[in-house]
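What follows is a set of structures for review.
Two complexes are shown next, each including subunit A; its partner changes from subunit B in the first to subunit C in the second.
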Partner chain A sequence: MGVTCVSQMPVAEGKSVQQTVELLTRKLEMLGAEKQGTFCVDCETYHTAASTLGSQGQAGKLMYVMHNSEYPLSCFALFENGPCLVADTNFDVLMVKLKGFFQSAKASKIETRGTRYQYCDFLVKVGTVTMGPSARGISVEVEYGPCVVASDCWSLLLEFLQSFLGSHTPGAPAVFGSRHDAVYSPADTMVQYMELFNKIRKQQQILWMGRDLERTSSLSCNFSQYPT
Partner chain B sequence: MADVLSVGVNLEAFAQAISAIQALRSSVSRVFDCLKDGMRNKETLEGREKAFIAHFQDNLHSVNRDLNELERLSNLVGKPSENHPLHNSGLLSLDPVQDKTPLYSQLLQAYKWSNKLQYHAGLASGLLNQQSLKRSANQMGVSAKRRPKAQPTTLVLPPQYVDDVISRIDRMFPEMTIHLSRPNGTSAMLLVTLGKVLKVIVVMRSLFIDRTIVKGYNENVYTEDGKLDIWSKSNYQVFQKVTDHATTALLHYQLPQMPDVVVRSFMTWLRSYIKLFQAPCQRCGKFLQDGLPPTWRDFRTLEAFHDTCRQ
Partner chain C sequence: MEAPPVTMMPVTGGTINMMEYLLQGSVLDHSLESLIHRLRGLCDNMEPETFVDHEMVFLLKGQQASPFVLRARRSLDRTGAPWHLRYLGQPEMGDKNRHALVRNCVDIATSENLTDFLMEMGFRMDHEFVARGHLFRKGIMKIVVYKVFRILVPGNTENTEALSLSYLVELSVVAPAGQDVVSDDMRNFAEQLKPLVHLEKIDPKRLM
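This part shows the complex of A and B:
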């Protein structure tokens, strides 16, 4: 497992998600990358059940259960700022048994699907983030296989990202700063994905709130048109 | 494909000879026509015979004339050149069915290719002999009488001495650890771990470095049996490149009389790879070139260059 950087690519002006993804993949192919199959990363949210909360008096914590097609036999469970558990796929069955303690949040499944590209020692995954039936954003993951220490190869990764993302190159992920010389692990990648999904969820919520505000303000305008 | 006729053939005389053959053929056929027609109808028998004989003689004379003309022209045509490179197999060019059996053209191409190959091989061997790659202490070309009977002492060293040298080098650099093992007889196999960047397997022959393989820090260096895997290459292109450079380095650092100095300089050179992913190229200033970081380390200054940027 090499050092990985997960970032979000904003949708191009006046274009759909699909078209932006196509633009990106074409740029990659021009660079010389080869297509190598598909990938999928998904995430389900659980929150601690109300029954357990009362006795302890804490706020409910959110737990994310994620899968990554790069590690098909593993299942990742993580809290927001907490530890990340790497288990095998039977963990999903365990979650069903733990229904009393952890309840699945409604309409919480978010996933990203797309194609994998290989360029020299870089593995690039461009995926469409979907919540339910609709596409909400674009995720870009770049993995540099040979290096296992994050702080070593950030400049190298940055140069590569700039070559095909141009001005949309992200800053250093937070996980890079927190683990200076530790060996990079897949759990760090899942933490990055979780942060990306949360960001997209917040963006979506802001969009919905904005739409609601518009609707209510237009109603009040109509009301004032009729003279008393 | 038309073969080029050599200069000895007179093309004009050739064409004339062909038309002379046609003239000869027609005069011969006239002779036989005359015989077939027999005697013409004339008043007297004598007249008929005379006319017939005269006609016959005319035809025979014309045949004679044409034949002489043909002989004269055939002498002018000349012979095709003797210096045919394929001798008898050159007659294959007369095969009219070129599409199904292009033997002659393929044969010519094969000959040209092998001649070129011989020429290039000669050039290459001349250049390679200038850079001697022998690492033994013997001089080249010394006659058998003057060559020392015993093997040079640096090739038969006690294993304890080798162990001592390696452990001393191990203590020299803090970020480099060397683990020595002898799974196959007396030749030492070193597993050098450089920080968290890479692992190098070095196969030695007494105190001479024979082969190196460079792999990533997270790659498996052991076979299924648990022995050191000295044959499989790295999965990453960058480490395959570094392996090639390491092989160049072990051929560069040569000092047959003092092999421990050689091992020390090789390890110093290898240690410069601790910043493989952090150092930009000294020439172009960039990190990546064709997806590879600067993998070349100069032998004297230990500066980082891309493989294509080095002088």
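This part shows the complex of A and C:
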């Protein structure tokens, strides 16, 4: 695969996730991009079961098992800041066998689904990130097919991103960082998606915490109406 | 903890349960040539295939009595071949009339960073060895005749010594669960290899 950049598009002021996605896709179509089917990237989180922790003597690690419709026969398994294993889909069967050692974190499945657009040598995928039934954000993936070395084409990718993302253009992904001349691989794309999903999960947690705070502060207001 | 025993059900949770049917035997070094000759005649017509593989066995210890075993295998003579990860379940007990050892198996092709990934998951290498030998096929049956070599210095596959003066012979089939007719075909084939080698169902538990 060519060098790819995965980023998050913030939801437009006063608009819903769906409306922002529509704005983006309309911009792409005006540029001249052609719709080419759909895509889906999903991620399941596992953590080491408590029973294994004791004997290993190490903090529980989170393992992500991901799939990408661009590679339907593959399964990607990764640890944050750790190795990314590319395996075939039988890996999912193995995870079922490992049920006693690795447990799926509750309500952890997160996925992004959307349309694929081909614009000359660029493949653009705009997806709605969902956790369960609700949409939580927007993912934008841009791949520059002809090049596999990040440092050789980052500036071109950046220019293209600016043409339709404008001020929301991201910086260079962390995966490009250390190894400038290394050949780009699909595993690097999955790492970017994992980071994006984790960011969206954290944003969601902050939102929920904020709502909790609001609720408790409104309760205390009610209390003050009844002085003892 | 193993997943619930895989019985005769070919499909569980949307995936096909694959079973490995296995018969094993051995021949002394000096009988190898005659066995290879007979196999070349009986098996599918193909270029004689030899292999040199390095296998590492990993264990994950939990609170359960028996650790989870995974086998990681890579080719030493074919560059670019993917690594092979294999899970083998407990042998199915049951039908004494079944001619072959039957156990659930999951085969996964992976990228080269498999050992690093397994260590990150918490697996630890228990032992490793090099297998060098010949591969034959007859329809869906796979016949392997190989010698096991002990690795003297961990990680160094150049420096090995043979474990015994014999070759291990394995006749195996990987098929969906519930296809016991496979073991009859295997038994019939094994009959044709007598008296050069006696292939039989060997329960690994009895050896321990």
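Quick note on the criterion: the second predicted complex is superposed on the first by the 228 of 228 C-alpha atoms of A that agree within 3 Å, B and C clash if a C-alpha of one lies under 4 Å from a C-alpha of the other, contacts with A are read in each partner's own complex, and residues count from 1 in each chain.
Everything below uses one rule, namely that a contact is a pair of C-beta atoms (placed from the backbone, for glycine too) under 8 Å apart; a residue touches a chain by one contact, two chains touch by 3 or more.
The structure displayed is predicted, hence computed values, not measured ones.
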item: Joint occupancy of subunit A by subunit B and subunit C, clash or fit; value: fit
item: Touched partner set for A:101, first subunit B, second subunit C, both or neither; value: second
item: Subunit B versus subunit C as contact partner of A:152, first or second or both or neither; value: first
item: Touching partner for A:92 - first (subunit B), second (subunit C), both, neither; value: second
item: Residue contacts on subunit A - larger count, subunit B or subunit C; value: C
item: Partner chain(s) touched by A:119 [first = subunit B, second = subunit C, both, neither]; value: first
item: Distance in angstrom between the closest Cα atoms of subunit C and subunit B, superposition on A; value: 16
item: Contact residues common to both interfaces of subunit A (with subunit B and with subunit C); value: none
item: Subunit B-touching residues of subunit A, taken from the complex the two chains share; value: 1-2, 32, 119-122, 145-149, 152-153, 155-156, 159-160, 163, 181, 183
item: In the complex with subunit C, residue positions of subunit A that touch it; value: 48-49, 51-52, 54-56, 58, 61, 63, 77, 79, 82-88, 90-94, 96-102, 187
item: Partner subunit A, residues of subunit C touching it in the complex; value: 1-3, 13, 15, 60-64, 68, 85, 87, 89, 106-111, 113-114, 116-117, 120-122
item: Contact footprint of subunit A on subunit B as seen in their complex; value: 196-197, 216-218, 235-239, 277-278, 280, 286-288, 290-293
